Every structure is written in structure tokens, then in C-alpha cells.
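Below is one structure. I have some questions about it.
Chain nomenclature is as follows: A, B, C and D, assigned in order of appearance, with residue numbering initiated at 1 for each chain independently.
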Amino acid sequence: MKKTLPKYYPLIPVFAAYLIMFLVGFSIPGMWQMVALLAFYCALGQSWNIFMGMTGYVDFGYVTFIALGTYGMSLGITYLSQYEWLGIGIIVIGFILALFLASLSALLEAFIALRLRGAYFAIACIGINEGLRYLIEGAKFWGGSEGLIFFGALVQALGRETVNQLTTFWADFSVFIIAALAAFLNMHYMRSKIGYALTAVREDEDAAKVMGINANKYKTIAFLTSGWLGAAVGAMAWGLKLGYVYPGDVFVIHYTVECIVVVLLGGAGTLLGPVIGGLIYGLSKYWLAVIMPGFQLLIFAPIIIIIIVVAPEGVVGLLKSKLKGTKLEMFIE
Amino acid sequence: MKKNYLRVLIFMTIFGLLFAANAFAAPPSKLVIGHPACLSGKYAKAGEQAIGGVKACIDWVNNVYGGILVGGKRVPLEYKYYDCESKKEGVTSLIERLITVDKVNVVFSAYSSGLTLAGAPVAERYSMLYMDHGGASDRIFQQGFQYIVQTIGPGSKYHVGTLSMIDHFDPEAKKVALAYEDSEFARMTMGGAEKHAKKLGKKIVFKRTYPKGVTDLTPLLSDMKARKPDIVVGGGHYEDGQLFARQMSDLDINVKALSLVASATLPAYYKALGGGIAEGVMGPSHWEYGVTFSPDGAMKVGLDWIGPGQDEFVSLFKKALGKDMIPDYHAAEAGAQVLAYVKAVENIGSVDQFKVRAALGKLKFMSFYGGWDVDDTGMQIGHSMVDMQWQNGKRVIVWPLEAATGNLIYPKPKF
Amino acid sequence: MIFQLLVGNLTHGLLLGGVYGVATMGLSLIFGVINVVNVGHGQFIMVGAFVALTMFTALGLSPVIAIPVALVLGMALGFFFFYTVMRRLIKAPELTSLLATFAMGILLEEIAKLIFGADFRGYNWAVGKITLPITTIPMSKVYAFVGSIVIALFLYFWFSKTRLGTAMRAVIEDNEGARVCGVNVGWIYALSFAIGIGLTVMSGVLLTMFIPVGINPYMGGRYTLKAFVIAVLGGLTSPYGAFFAGLIFGLIENGAYTLFAQIPGVAPFPLTVSLAFWMLFFLLLVKPTGLLGK
Amino acid sequence: MALLKLENVTKRFGGLVAVDKVSLEIQPGEFIGIVGPNGSGKTTLFNVINGVYRPEEGKVIFDGKDITRMPAFKRTPLGLGRTFQIPRPFGSASVRENVAIGAMFGTLADKVTVDNALEIADRYINMVGLEAYRDKAAGTLTPVEKKLMEIARALAMRPKLLLMDEAMAGMNPKDIDGMVKFIKRIKEEEKIAIVSMVEHIMRAVAGLAERVVVMNQGAKLVDAKTEEALTDPRVVEVYLGHPADESKWRSDVWKEVRNKDE
């Protein structure tokens, strides 16, 4: 009775969800920014989850990557917009810069992760995040606490029409792409040696080493991937889309908590989890803001606590156990 | 080429539907103000005030004024607001909803320069009039936004009047200390204050910023004490302003004048610090309860007048929030912004975004909030600030002299 | 002049450090015993601040009386949260406990906002000042410091001389071992969580004695981050370590500002904050047992 | 040429000398039993061989290569497999995935794809007779099943030398017999060298090992053919007390096993 699950089937519902979101936003007027918000949460959840789901590390300072991504894009545009011949190239360079900054920080975090575990790791990452924020403000580089405001520069370099479309369509669209890419990479990793290696490391690192697994290498791969994706989201959803950056507005731990909420709502360590979690979180946040402005947090906080206590495995976890043994099982991961 | 085609397609779908809705609609039966307000999160306090101010002025327009005259008939104003949680993601999605789903005629920005900037690209994209009553940074208006108009005065003006006033009463007070919060707004204020102080021939003996969310200013203030300033100007937000005066008192730093932006002008300030510390502290304000702008005053300077009188505004504000709360300048700015919109629409008899924006550009008027006038970029230049001082638990306006409700107590009483 | 400034600031730093120490002991105790980082730590401090404020403004009682009241209220809150939430999360991955404590913090904030509104409040407990040649110190700060020392000493004796205290220390040192030796670990968990929260709420009162203004529902977050740094300095699992680390942190915070202020072209205040976090980071890497650890 | 060669290996923990100048040679395909009482340095020796610890002195040479300073994960692909005294399965992963992990990162690491590895895993799962538990999470197995799974995982690495740490601790006599047969079969089929470490169950060693190394207090006491070693008076003295009284030390073993299981 050989039963090999077709490898990438679990991606189907994920991509389907993104496609539906995209189509809804694209065709129904007034929905675009809302689905962009949903995509933002899904993408963050998905990217964070690669990190957490595969290694078991809780990176409480994940927002550092998003912030550095934002800075990469902002620096690129601010300092290169004067070279007219670069055209749209400044965004490409900004994006590369975002990935570069994220790589530096990911390598630093990977370096800590190789030494610290659990709460110690979480706190160390918070330390990096806050340390970096106040260093930018204190040492006054990258615009210091004055931040960078570059919408004007962008308009000058690329023209008003292009910028309008970039900020309100393409920036959001790329978040969709990043979210889908994150899902694909997550799936790909899970199904490749990286996934097996990290499962082993997560369960018993010393035994894994004896099994021939270079734990540090695989952890670093997961960190880098997760960091890059976070930076990409930051570059697009915060940098390009909003046209400004203040250190105090981007190095905010609260966003990491949102990642965690998204992932936990959907199901930690699963592929579909962040999508479901992102949809639930984003939609309820949006509608609560519309229906009962001012009371979101009061409603949210007890709900989060109840979910943690009652269903720590999240929606997808519940779904998985419900569908166990049915034909649909192979689509849920 | 293919890319262009896609772009056109996107435009067609989104704008086509919108445009169709606007073009074939009958003259509007109501005008809607949309607002991604800050009801929770870090700007909740200012957000509540703004909502009260907007509601109060809409109440006045609908029930006292009789509606806006547009297309030959008077139509009511409506107010649609959501909670952005003081966060940038909330702002963008809610503004789009306001524009496309609720079909609002104008969007008011969220509080703070950052959130105002966050919403600007979406408003621009939909060619939607975007009125800023909470983002005081001058830099917002250097980005080439076409649909943004400011009601709040630019940050750089806040302490200019204060310094002029002290110079007027005591030209010998030369040593100025600047200590501001490290926020966009406060830095603007600091820049303006520094420039003006130099112009007045003052000597800057101390100039420092402190981060948002600071819990202890002792080291900074000790340093400041050592420079023996005559005048201290600074502040930034609410709690740091309280902390500032409290710890100056703890360290026995007695100066001739102390003026703090934002926090010092609020009733909560005196309540929190008590008379021993708050007495004599000053604060610049866009508007204070007690400022006497009146239709007569407006006529004297040749400006149109619109809107409720001061006491009327305060009672409408209390009614709107259902609380016995005195409005502060956040409420007044937001309220005055409603009046500016009404005035501009009536001046041209149209609700077309572009035309209204142009009309706002030309508009000059006066309300309970004071003068209103913007430059080409949309930046507010017509509004001047007042300076208030705590005297026996009351806020007394001490500058400009023509608006003053009492005399300046100078030098400030010792802590 | 710089020397004088430095000494003056260090004096203030030392006094504040004592309060910081007590404000962190609860965090360390909870982490030590049930291995949960209380991300909602600062919000419990906020509760304490409101206790002091309400007692002073509504009942006219001095904050000194608010200290035991806050302890009792805090312990009640601790027991409540332990038996409703934390009990189920002790063996769970830290992901869930981090989020649960965070959610508790938000809940407290929003409830405080419902009750007290979002205004920034304060009270004025005027008990005089002492003027030294180097600086001026209000007596309320001195009382807060003395209060901190008393609490720290009390805890020290409680941990070393009483049965329950010893049991709690045993659980911190070696959970399994304590269980084998007949310690009722479940009860120790509950009690430590409650005492941890009680201490934290109580420290909120001490903090308002030090800084009696700016009290509002959202004031807690900034203290959480400070407490993290201090707890790490103290070795994260040790309440005494946390107390001494608090003293050290207070000194560093105030001293570093004065030194950074001598460098032209930088903003000393954010650099001081930054320094604290980099210190945390390197200490975790180099010596996770804390400055005073083995 | 010897497959594994230890030259004067010494490992200290503070003042304690856990392994004291041990030299040892193992030929390809050989089966060696290492016996010694608790604390005699056997597990430390294993940990030195596969890289969990670095020795303070001496050299570890595997397959002609000096691996003394090589990290553990690099040794495995050279052909060093290992099972643990207390099984260490990757609990949340299925039995099949556990064994596949062995195949993926063992000697075939560079050649094997994930799919190949899963196939290899199936083969060894069948060999140890765990087919029925293939998709079960490894953490839910019984201790004996875990042991079997570990052996399958170690075999899937296709090692040249397999280090078995107390493969039979915690088993009842029937299981031990089964295991002995099974290990014999492995040795013949896979043609690998096996070093099996045991504390008590001499009979099992006696039936399997060609050579026995007896350790005491970190040092090598005896290294000889099984027959000779077991009757060596030094061994009797330090280790067994009375060589004939097998039933007594068997019952001691059981006491220990029960304590562990509880």
C-alpha cells in the first residue's frame, strides 16, 4: 500500500486563496486596499512562519527585517532619484538594497540563534530591533529620527502617473507575489532535505548533528529566507507604497506580535495556516474598525487568549484532524 | 506595450466604475466627510478630540446654518469615520473604503504627520481632496501632493510667538534652552524656534532632543540646569510635557519662562501636576478656550466669518461626545476644517474635487478657530497661534496682545 | 563641571535603579519558575500606577499605603490569570505563552482605558526636597528607593528563610529535582506567578512615587522593554540578580547620557537607550547567566 | 588497514578523567563488544568517536583520515552511524521520515534525493519489522520500537561502522534473543563493522562479538577474543564478581530497567 502524497498539492488551496483575493480586489472597486491589507498580513505570516515553523525559534524581533527592507527601498529612492537615467531602476536597486540589509541582519540573528534558544533568543532579537532603532536616531544616520520622506523625489524621478500606479497598485501587487513566493518556498523547503534536516534539528539538535546534519547551515538558510521575504514585504508595503519612513514607525515590536497572531490563528508551522490566519485577522480587524471603531483591541485580546487556551493548533490544525483520512487530506499542510 | 495595456485595464475597471457613478448622479443629496480617525492606539486622545470637533461643526452646519448651498439647494453634511488604530496599514485601506464604498466627498487625514503621509498616496491616486488637521510637518507639503490642504498650522511656527512675546516683555532674557521630543512635529517646532531665537538675538545655550516614550528626563535636565537658561522652550507630546515640568521642579530648575508644546495647553496638565508645578507654565496653541475671534473681529480685518461662536462650539462639542469635556485645539482644528470645506464648496457651487481644491487654495476666512489661508502647496499660512499660561488653575491667553485675556506673569513663579 | 554633573546624575540613577530593580524582580521570578517571559509586564506596572493614583486622588491616601494594596491586588490578578490561562500554557511552546501574556497586557490596557480614559494623569505627593551641592533630590524619590530596598530585603529573607521561599528557589534551580523532593510544584507555579505579578503591580506604585505624572493606560510598554534589559543583566532567572541589575541599569542609564552628551553631532538620549539594548544583546551572547551570574 | 583507529585518546571533564589513554583498532566488518560497568567511560568513548566531544589528547583516525577535530555532522557522511542508549527519535516526524533522515544525511548524502531516501527508508523499516508503524509519529512508539527505529535509521545511513549504545537495554529475554539474531543478520547482510556497547548483558555480547574490549575507570582493561576476555580473571574481578552467577546480574539488570521505565 504505497501512498505517496503528490508533493505540491498543498500549495493549491494557498494559491487559490491568493488568486481569489487578488481577483476580488482587482475587479470590485474599493476592495483593492483591503485585499492589500489582507495580503500584507498573509505575507508577513507566511514569511515569519518559515522561520518559526521550521526551526521552532520565536523571532520576536522579526520586524527588524521589515524595517530594514523599508529602509533599503527608502535609501535607494532617496539617494538615487537624482539620476534620471536610472528610471524605474531605482526601485530595483532599492529592493536589492532591502535584501542586502536584511541579509546582514539575518546573518547576525542566525549567529545568535546558533547559541541561544527559547526566550533568550526572543529577547536578544528584541534587543537588536530596539538597539538598531535608537542607534539610527542617536547616531543620526539614514536621516536619523527625521526619517526619510521621498514621495516627492519619486514623483520627480518617475512622473506623477507612474508613481500613482506604483504606490497604489504595483506595491500591493508585489506583496501578493511575495506572499505566494513565501508559500512556495515554505512548501519547497518542507519537501526537500532542508525541511527534514530542520525537523530533526528542532526535535533534537544534538541527535541531528550525529545524524550528519549541519544544523547551523540549515538554520541559516531558513533565517535568510524568512528575513529576505520580510524585507521584501517591508520594501513594498511600507517603503514604496507609503513614500516615507521614520525609525519610530517601523521598528515596532507590535508588528511581530501581529505576525504571531496571524500564524497562531491559522496554525503554527503549517502552510495554509498563515493564509487563513491572515484572512481572519485582517478581515476582522478591518470590519471591526468599520463597525465598532475604537473597540478592536478590547475584543481581540480575550479572543486571542481563548484561542491559545482552547485551540492552540489553530484553524488549520483543527481542519487537518477533521480531514484526516479523507481525500482532501493531501491538500492541507 | 503589454504592460501599458494592463495599466489601462486596471484604470478602466476601477475608475470607470467610479466615474460612471459620479457622472450620472443627480446633484448630491448630501455631502460626506470621511475620516480614518485615531480612536485607539497611541493617538487615541487627539483622535477623540478631533472626532468631537468635526461632529460639533457638522451639527452646526446642518442645524444652525441649514446645510451647504450647492447646486441651488441646501444639502446636509454627513460624517463617516473609522478607527485606524493609529497605524499606517489601517489608514490606507480605510481611506480607499471611504472613497470608493462610502463615496465621501472629502477625506480628513488621521492624526500625526506620519499617518497623514501614509494616506496621501491613496488620496492622490483617487484625486480625492485630502484635508490635514493633524500633520504639522512642513515636509508633507514638499512632496508634490496636489490634493492636500492643511488646517493645522505648520510646526515651525509654534514657538515663534512665544519667543517674540518674551523678547517684548524682557529683552534682557538672552539665554534660551531648547529641549524637544524627537518627533517630526517637535523637531519642526525646534527648528522654527531656533531660527527665530537667533533672529531675536538670543543665545542658544542648550539644544537637545529626547526620544518618544521617554520615562526619565533627569540626565537631560541636569545638563540643562548647568547651562543656566533664562527661557526654556520644548516638549512634544502629552506625557513628556508633564514629565518635563515635574522633573524640572524635582531638580529645582527655576527659569524666567517655560513653554511646552502640546501638553501644557490641556486641562489634564494642570490636574496631573498640581498648582505648585503647573502655575506659570506656558504653551503655544492653535486655539484655546477663551480666544475671542468674532464676526466683528473678522470684519475689521476684512475676512468672511463662518461657523459657531466659541461658546456655541464648546457646547456642541460636549453634546457630540456626550461628555463634559472642554475641547482643545485638536478639536478646534478639525472643526475649522469642516467650515473651510463648506466655505470652499459654497464659493464655487460644485463638489468636484479639483475645483474644490482650487477654491480652498483661494479661500481666506475666519472662524472661532481664527484665520485660515493656505499657500500654493496647501500649507496653512493664515492661522496664527496664541500663547496661554496657567494662572491659578485657569488658562489665560497672554499673547498676542490683541487676543490676550490676561497679563503675562513674568518671571514664572518658582516651583 | 562634568564631574559634578556625572555624580549628580549617578545619584539619581542609583535611586531610580532601586525602583527598576523591584520592577524587574517579578519578571525574573516568573521566568525562573514557569519559564514564561511575561511580555505584558509593563501593563501590570501600569495597573500599579493607577492604584497609587486612585488612592491618592480619590481617597487622599499616601502612596506608601498603596504599596500593600497593590501587592494584594496584583496577587489576585496573578492568581486569576494563572488559573484561567497560564496553567494550561506551562508546557506549551514559548510561542503561545509569549502571545498569551501579550494579549493579557492589551486586555489590561483596554480595560484601564474604559475605566480611566486615555488622559495622562498625575498626582502630587509633596513631601519636600533635599538640596545637595551636586543636585536636588525630592524626598518622594528617596522614599521610593527606601521602599525598594525594604521590599528586596524582605524577599531575600523570604526566599532564604521560609519553607515556601526555599521551595520556590528549588523549583527555579531544578524543577524535576524539586518535584522529586516532594515540592507541590503546581502550587509553587501558581504562587510564584501571583507573587511575580504582585511585585510588578507594587513596583508600579513605587514608580509613580518616583515619576508621579504621565499615568495613562498605555504607559506600560516602555517599561516592559527596560525590564527585559534589566532581567537579562541580572541573569533572567534570578530575582536578586534582577534587583542588582536594576541598580546597575539605573547608573548606566544616567551616567551614559552624561558621557554621550560630550560627543558632538550625536543625539545622546537615543544613544543611551540604544546602548542598553546592545548591552543586552552582547550579554546574552557572551554571558547569558547575567552580569552577576556564575 | 584499520577502519577506526584510536591513538591514546584522553577525555577529561574538569579533574575527572573519563577516558584514559585508550588505543583501539577496528577492522572493516568486525564486530566488537565494549563492556564495562556504569561510569567506565564507554559512552564518553562513543561520543569522542563520533564527535560529540573532542578529546584533550590523542587521535581519532577513521578510514585513514584524522577526524579528531572534525565536527560530528561531518563524520557521519564518512560512514559513522550511531544509536543511542535512550532512543532519541525526532518525535513529531513519522517513522518513515525519521529513517529517511538517516538516509539523506548519511554516506549517500550527496547522491540521494528526498524520494530515494524515502524508498531506502521503506526498505529498512521492513527489515526491522516496523511496516505497520510507518506513518506513525516516532514519539508515540514503545521503547523497543524506538530502538528498532533507531537501528533502521542508523542503517539507512549506510555506515561503515555502526556504534550501538546499549542496543538491548530495557528488553525482555525474548526481545533480546530476537535482537541478537537481528544484529547478526545485519552484520552479514550489510557487511559493516559494529561496535556494540553493553553494561551487563554479557550473554548477548558473547553470542555476537568476535572481540571484546573491557573498560574500567576510563581505561582499557582487556582487549581480546570474546572467549578469552570473558574468562580473564581481571574482568571477573572488576566486573562480574562470579562469572558463573549470570542469573544474579540478570536480575540486577531488570531492576534497573524497571526503574527506568517508570
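The rule is simple: a contact is a pair of C-beta atoms (placed from the backbone, for glycine too) under 8 Å apart; a residue touches a chain by one contact, two chains touch by 3 or more.
Quantities reported herein were computed from a predicted structural model and do not represent experimental measurements.
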Neighbours of subunit C that also touch subunit A are B
Shared touching partners of subunit B and subunit D are A
Note, CA centroid farthest from subunit D's centroid sits on chain B
Contact tally winner between B-C and A-D is B-C
Chain centre (avg CA) closest to assembly CA average -> A
Subunit A to subunit B, mean C-alpha position gap in Å, rounds to 35
Between the Cα centroids of subunit A and subunit D the separation in whole angstrom comes to 44
When centres are defined as mean Cα positions, the distance from subunit C to subunit D in whole Å is 51
Flagged in subunit D as touching 2+ other chains are none
Multi-chain touching residues of subunit B, meaning two or more other chains, are 40, 44, 182, 209, 211
Multi-chain touching residues of subunit C, meaning two or more other chains, are 110, 267-270, 272-273
Checked against the stated definition, the touching pairs are A-B, A-C, A-D, B-C
Subunit C residues touching subunit B in their complex are 1, 4-5, 8-9, 12-13, 16, 110, 113, 118-124, 126, 129, 131, 135-138, 141, 211-216, 218-219, 221-223, 226, 253-254, 257-258, 261, 267-270, 272-273
The residues of subunit D that touch subunit A in their complex are 50-52, 71-77, 82, 84, 88-93, 97, 100-102, 104-106, 109, 114, 117-118, 153, 157
Listed in rising order, the residues of subunit B that touch subunit A in the complex are 7, 10, 13-14, 17-18, 37, 39-40, 44, 81-85, 88-90, 92-97, 99-101, 114, 117-118, 120-122, 124-125, 139-140, 142-145, 182-184, 187, 209, 211-212
The answer for subunit B against subunit C in the complex is residues 40, 42, 44-45, 48, 182, 208-211, 213-216, 218-220, 222-223, 226, 238-240, 242-243, 246-247, 250-252, 263, 268, 271-274, 276-277
Subunit B partner, complex, touching residues on subunit A are 26-27, 29-34, 36-37, 40, 134, 137, 145-147, 149, 151-152, 155-156, 160, 163-165, 167-169, 237-238, 241-244, 246, 248-249, 285-286, 288-290, 293-297
